[in-house]
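Next come two complexes built around subunit A: one with subunit B, the other with subunit C.
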Partner chain A sequence: MQDQDTKSLWGDAFSRLVRDRWALISLIIVLAYSLIALLASFGVGVPDWKTSMGAEYLPPGGSLWLGTDLFGRDVFAKVIHGTKIAMSVGLVTSLIAIPIGVVIGALAGYFGGWIDDIISWFITTFSSIPNIMLLISITLILGKGLTSVYLALGMTGWVGLARLIRGEVMKHKEREYVQAAGAIGGGHLRKLFIHILPNVTHLVIINTSLQFQTAIKSEVILSYLGLGVQGEPSWGTMIDDARMELARGVWWQLAGATVAMFIVVLAFNILGDALRDALDPKLKGK
Partner chain B sequence: MSKRILVSILSLTLFALSCSREQNFDEKVLNLISSQKIKGFDPIYAADLYSANEVGKVYETLLEFHYLKRPYELTPNLAESMPEVSKDGLTYTFKIKKGVKFHDSKAFADGKGRELKADDFVYSFKRLGDPKLQSTGWWVWDGKIAGLNEWREKNSTAEKVNYAEEISGLKKIDDYTLQVKLNKPFPQFLYSLAMPFTSVVAHEAVEKFGQEFQNYPVGTGPFVLDYFDNSNRIVYKRNPTFRDKFYPSEGEASDESQGLLSDAGKKLPLVEKIIVNIVIEAQPQWLNFQKGSADLLGVPKDNFDQAIVGGKEIAPEMAKKGIRLSMVPSLDVTYIAFNHNDPLFTSNLKLRQALSLAYDRVESNKLFFNNTAQIAQSIIPPGIAGHKKEYKNAFVDRDLERAKKLLKEAGYPEGKGLPELTYETVGSTVSRQQGEFFAKCMSDIGVKVKISTNTWPELVKKTNTKTAQMFGMAWGADYPDAENFLSLMYGPNESPGSNSSNYKNAAFDKIFAQAAIMQDSPERTALYEKLYEMVGDDVPWIYGVHRTTVSLNHGWLKNYKYIEFNHTQSQYLNVDLETKKELLKKF
Partner chain C sequence: MERPLLSIQDLTVDFITRDNSMRAVDKISFDVPMGKTVGIVGESGSGKSVTSLAIMRLLPQPPANISGKILFDGTDLLALPDDEMRKIRGNKIAMIFQEPMTSLNPVFKTGAQVAETLMLHRGMDKKTAWEKAIDLFNEVGIPNPSQKVHAYPHEMSGGQKQRVMIAMAIACDPKLLICDEPTTALDVTIQKQVIELLQGLQEKHRMSMLFITHDLGVIADVADEVVVMYRSKMVEKDKTRSIFEKSNHPYTKGLIACRPDLGANPKRLLTVSDFMDEEGNSLKVTKERVQVFEKNYEAKNDSPILLEVKDLHTHFPIKGGLFGRKVGEVKAVDGVSFQLKRGKTLGLVGESGCGKTTLGRTILRLIEPTSGSISYEGKDITHLPNEQMRLLRRKMQIIFQDPYSSLNPRMTVGEILTEPLVVHGLGGGKSERLNTAKELMEKVGLKANQLNRYPHEFSGGQRQRICIARALMLRPEFVICDESVSALDVSIQAQVLNLLLDLQQEFKLTYIFISHDLGVVNFISDEVGVMNKGKLVEMDRADRIYKNPREEYTKTLLSAIPKGLPKNLEAFLS
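Entry: the complex of A and B
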């Protein structure tokens, strides 16, 4: 059937995205997590994780959906608080990593020559350092805590995106529309930022959704190792607690944290895939 | 995708294989676990339990505590016999054992360890007072050995510390006779000669290895260091040139029936090799013990119910595997220290009292010690003269109303105006939980606490440099005398001495100085009790508990007996390989 409407690129992509049932569910899950995180940041409508709700290690039941931890705190409330931490880490690190990745990648791709040489060398060197080692050393230097996690993940997360953008910009800078922009007197910066970048934005969006879930996983790992969030619950510290509690038969803390993490990471992955399908012009009409 | 899974499964299997090292039944190997990293083996820095335990395997002291006899009793170790003491009680003359050799080392010209002489003690004791080295054990002898303080003072500005200069208090009479003169009576002097700080080192090794000396210990002890990786493993081998030292043939009445005398008269050490695995986390410690790759383990809090039934009996399934339980009250005290260098705490007694009142010891005993500990009223544990049973600290039982009131009087109503406090601890799960528990208790009165985690050496460094604001620690007795605990509150012992909270109280210091030179007597005990109450009421720390050591050991481990001063214990332990073979079949 011939499509008679004229749709914008984004409108088209969105309609293709929501047609995919799993993508839609994932999108809803991600939005739900974001909402929970937002509410938790303002302390609205979420249970309090700090107060003891009963004895220690109460199994799930009644109003305590996920039981209590060793201090009698509500595990469900801790999962919610962990959601806030995880989502904030995802958001803040994306906000740090994406501008760095886009600017560096675009400069390298557009200008080429020695600028590209230097930046490529930097990217290669950076990506050859084992990621977790780099994260650990950065948190050790900056001191432990949430801010360090933001910075550490933000400062390591830009490499993949920079490489992608570099390649894409290289491709675009020879295209006719860019040459046309040049012909009517557009300077480098204008060509790069007004003309080329909007055409590679879809990469940024796809990458953000993947970056988001990598950041969440890394935060959990760092907190599990005791290098992440200090003094408040995070999924990582909950799993760390649970490691020993399992000997007592206390499984709810582990279950709560891992299921919460599993769902959001899976949702981001599916969403990332779907976004790529929806935004990639080559896959149009499939 | 499926390929990637396969690879990861394969690598997991390889990992698992490399982990389960084959048990070797050809030689006797003692497998131990240390729950913290150590910095090195220099005895003059062996201020903490973990370092002391390792130092005690390679280095030796003049005296030691008898392994079996209780109450604790000193016996000669490198000394030939107990010293002769002059009439005024100030001059001690030691005969030193002949034929004791240092470990073979490249520090010696021919690579062979030379004989131990009285000079080595003079040298090692001076090292403890060396102003450039800043030993963490100097507080033990500060102001007590004739001429040593003067020598320390004189050399503190000198370019090079002059070891050649003679000191009136440390004298070699001949190669096998050492004389020590005290400035003033020091009743704990002999005890101090059983502490790792006073171990004898070879000056050749100190000179040869310099900064690296802490990694290349050259002592006279029963074991030689074979391999040292400070974050993983320490391996020792039996010292082939170890002198004739024998397992004791007498002990307590019950030792015979418990098989603790079956090795009586045998030459020490009884095992060929010791492997100390550094395992910081409780869960892998437990798993290591469960599969038989650790011979001895303190029971982690979360495994308590698995190991012990009814609070005192070993669980049947453990007993079936030949595992044995030992529960002995320790001579120790746990605490959360205020750094009194911080004006926030020094001048504000009410703040300290408020925080102490807000801390829930009953719950902490339940959560972290499975109710086996006893709540501390002040600094001296029961079992040591000076612990006053009737004394009840008014700021120990949790009372939030009073705490809030005191906090208000302290100038911080509901915690307002009080900066966030920093609680320093080590980075294991249990320590983090203890920190969180403390923070939680404090939040109940509106006080905010930030938890900062460190490695053990980092934490020790922070306390030594007075930069830790609050920190959770424990003090275990070095010798059975209250002076050892009270010295933690003595002003002149401030960091890097044992008074790591830098508490200063002139009235306390005065009485302490008076009691410190008294021999054991009812008068001294009365003074100790007075001091005990003083530092109870003044809340220089948030007192925690006196713990009970709950440990398990495998059926093949012989001669295990709880000893509070356990840094020399490993030489007495034995492994029965036949029993081990049999028992391991049940695992």
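Entry: the complex of A and C
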């Protein structure tokens, strides 16, 4: 510890993360899905799902890796398009839910008193409503479609994070380093945003990875129920289609969608776990 | 010669992890004779606790790799199978830990926890075990034992909890009692009672004790023999008296010398580095370093009054009931008045919960007072609006107790040190601010090129120096040191105290020094205030408080300090 270069905390956490083999594999999977989604949204280098490639219900084989559906469309191309939908739902809902969760949680935890009472009441009320019910009513009000899915999932996803951040901020508020910031003349904003929040960011990152996969799963459920994506393939609509197909022995549409979803959800879970280990300051040095 | 109860031979403990291995205990050998007490002293990280855990076989293997022999009553504990060891642990060898708050299970009645030990090791039925538990509570001096066995840990004070721990430890008449810093978390008066209790029990049950502590004063009171550990090695082992009178190893000398004495002290405390250089070679101590310093208590009597506190009260509401109604209040500070002249140091002593920390924070208005007044340089600041208070914070600073939690782990030292300047928009541009930080880093004994490090890369003593540097960045006039050296090892504590004295001289500082350690307060203060239950019971010139205390409470506090053996400064010359 004498004069060698010091590693930044984030760099240190990253090197610990990639030392874990499964975490590294999960990270690569997540990055690969993101890349596919990005390419698909620009229509670069991905197969076309709209045009018919051959007869209906062709089994997997040849250039059609996952066969075709009722209209003779390429199932693999539909899975790719579904990836784009899933990743965009994960990203957009996280972008909506996380700022709300962090700000609300931080305000409640930091100021306490009546502000906390009101926010806590709000959080408790919100989380006592069954999630799917709330999602369904939001999509019914806003109309079916991707935008409604974004909003519905974004508006419900912040609750858990807000509660977590509230508790953490409460804990950190009493720490001496925050009191020290007060003693040198720092105001509330400085204490909250410069001192406390950087110390809870790791929770936000871990939460994002879990939020992401919850959103993906919820989108699939909503689309399966016919409340989600309309007029384009998503993993949920594909699974919905498969209801009719399985009786005829057509398994590839179901398999394609579920395996694609399974892999990314698992990867996010493992990554979230590994992030917790790598970022948690309490585990440092163990 | 009689066979010793415990004989440790060439004990070595390595911790092996994926990346590196660390030797925690390096080939130590010592004996604990029947019925005697052996003390192990050393600073944190010297391997003393690891030694005790190795004896109990409580170290998980791996990562620990233990070699050598631990002979207990002739059997090698390291060679015993696990279930044999379980019969010895808690039965023939018992252990008391440092933290009574966390070593008792909060959801079980204390009596049940004692009875459990009896049922487990002695095969007693529930009724007999509970009866025996009541006897044990009585023996360790818990009042109303037949009622107190039904109390939960949170219903007891720290001292009582430690007594319950002792009751559990002696429940099975162990032959060896290992005490790992059993009194460190307790107040001096409670510490004295616990030590007396342990000594009484030892005599009655003819136990041997292995007493681990960093406090040489306690060791001198309890131990027959002392083992000194330094950096995983045993550097010295001798009869307690001989260790104090003529220690051989420079580290031991330093350890004995660095404790501030209640009587005479040199102008700057001696530290381990006066006796030993980095490589462990002995150094000669110069004559002037050991000269007794006569403090001139009247020196700054004609300087103006900097701080005046009048009838200050800080009360905290106790909330209860269904809607959090206020059901009562804690009078943390209950009518305190005093004056402090510029350039002087006021020491505030008292036991935990006496309100000394709340008083300090109320003076800085980090906690709002309930009533009374605080004036600084003749100006009443009790109700100063926040904006003006912010400006005043340049002049008044605080150094906290815990160097681990008072630095933001996500900021570099450079960011931490320049922040006060940023907040007040002082000190010019970024590079100028960093230059000021570098200067102060050197003033507090750190290297200027360590500014881009994070706090976790520093040791406890170094972190406390960073905290001191941060407090000084705004060039304050008045600094409150709130238990600022309590979390540090004695040898580090001496260095930091010396540093605080040097800085006081250089920056013309006025200090309020809050501590539970009367020795430390005596060394640093011109005046001393004794606090009890929110009130300032006695305040006087430091030497007068120590030589002829007037109040009963002050007398109790002073008599509870472990006496140790008086040190002779001249003796360190040889």
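Rule of thumb we're sticking to: the second predicted complex is superposed on the first by the 278 of 286 C-alpha atoms of A that agree within 3 Å, B and C clash if a C-alpha of one lies under 4 Å from a C-alpha of the other, contacts with A are read in each partner's own complex, and residues count from 1 in each chain.
Here is the rule we use: a contact is a pair of C-beta atoms (placed from the backbone, for glycine too) under 8 Å apart; a residue touches a chain by one contact, two chains touch by 3 or more.
This is a predicted model, so every value here is computed, not measured.
Asker: Consider subunit A as the common anchor and indicate whether subunit B and subunit C clash or fit when overlaid.
Answerer: Superposition check on subunit A shows subunit B and subunit C fit without a clash.
Asker: Is A:Ala183 touching anything from subunit B or subunit C once the two structures are fitted on A? First, second, both or neither.
Answerer: Only subunit C; A:Ala183 stays clear of subunit B.
Asker: Could you say whether A:Asp241 touches subunit B, subunit C, both of them, or neither, answering first, second, both or neither?
Answerer: first
Asker: In the three-chain superposition, say which chain, subunit B or subunit C, touches more residues of subunit A.
Answerer: If we count touched residues of subunit A for both partners, the winner is C.
Asker: Which partner does A:Asp74 reach: the first (subunit B), the second (subunit C), both, or neither?
Answerer: neither
Asker: Let me test your reading of the model: by the given contact rule, A:Glu56 touches which partner, first (subunit B), second (subunit C), both or neither?
Answerer: A:Glu56: touches subunit B, not subunit C.
Asker: Of the partners subunit B and subunit C, which touch A:Gln230 in the superposed model: first, second, both, neither?
Answerer: A:Gln230: touches subunit B, not subunit C.
Asker: In the superposed arrangement, does A:Lys144 touch subunit B (first), subunit C (second), both or neither?
Answerer: A:Lys144 contacts subunit B only, not subunit C.
Asker: Could you state the shortest Cα distance, in Å, between subunit B and subunit C after the structures are superposed?
Answerer: 25
Asker: So in the complex, which bits of subunit A are touching subunit C?
Answerer: It is residues 1, 3, 6, 9, 175-177, 179-187, 190, 195, 198-199, 281, 284 of subunit A that touch subunit C.
Asker: Going by the contact rule at the top, pick out the subunit A residues touching subunit B in the complex.
Answerer: Residues 50, 56, 70-71, 144, 226, 230-231, 237, 240-241, 243-245, 247-248 of subunit A touch subunit B in their complex.
Asker: In the complex formed with subunit A, which residues of subunit C make contact?
Answerer: Against subunit A, subunit C makes touches at 361, 364, 366, 390-391, 393-394, 397-398, 400-402, 405-411, 419-420, 423-424, 449, 452-454, 456-457, 467, 470, 473-474.
Asker: Which positions of subunit B touch subunit A when the two form their complex?
Answerer: For this pair, the touching residues of subunit B are 281-283, 286, 300-303, 305-306, 367, 427-430, 432-433, 435-437, 439-440, 443, 449-453.
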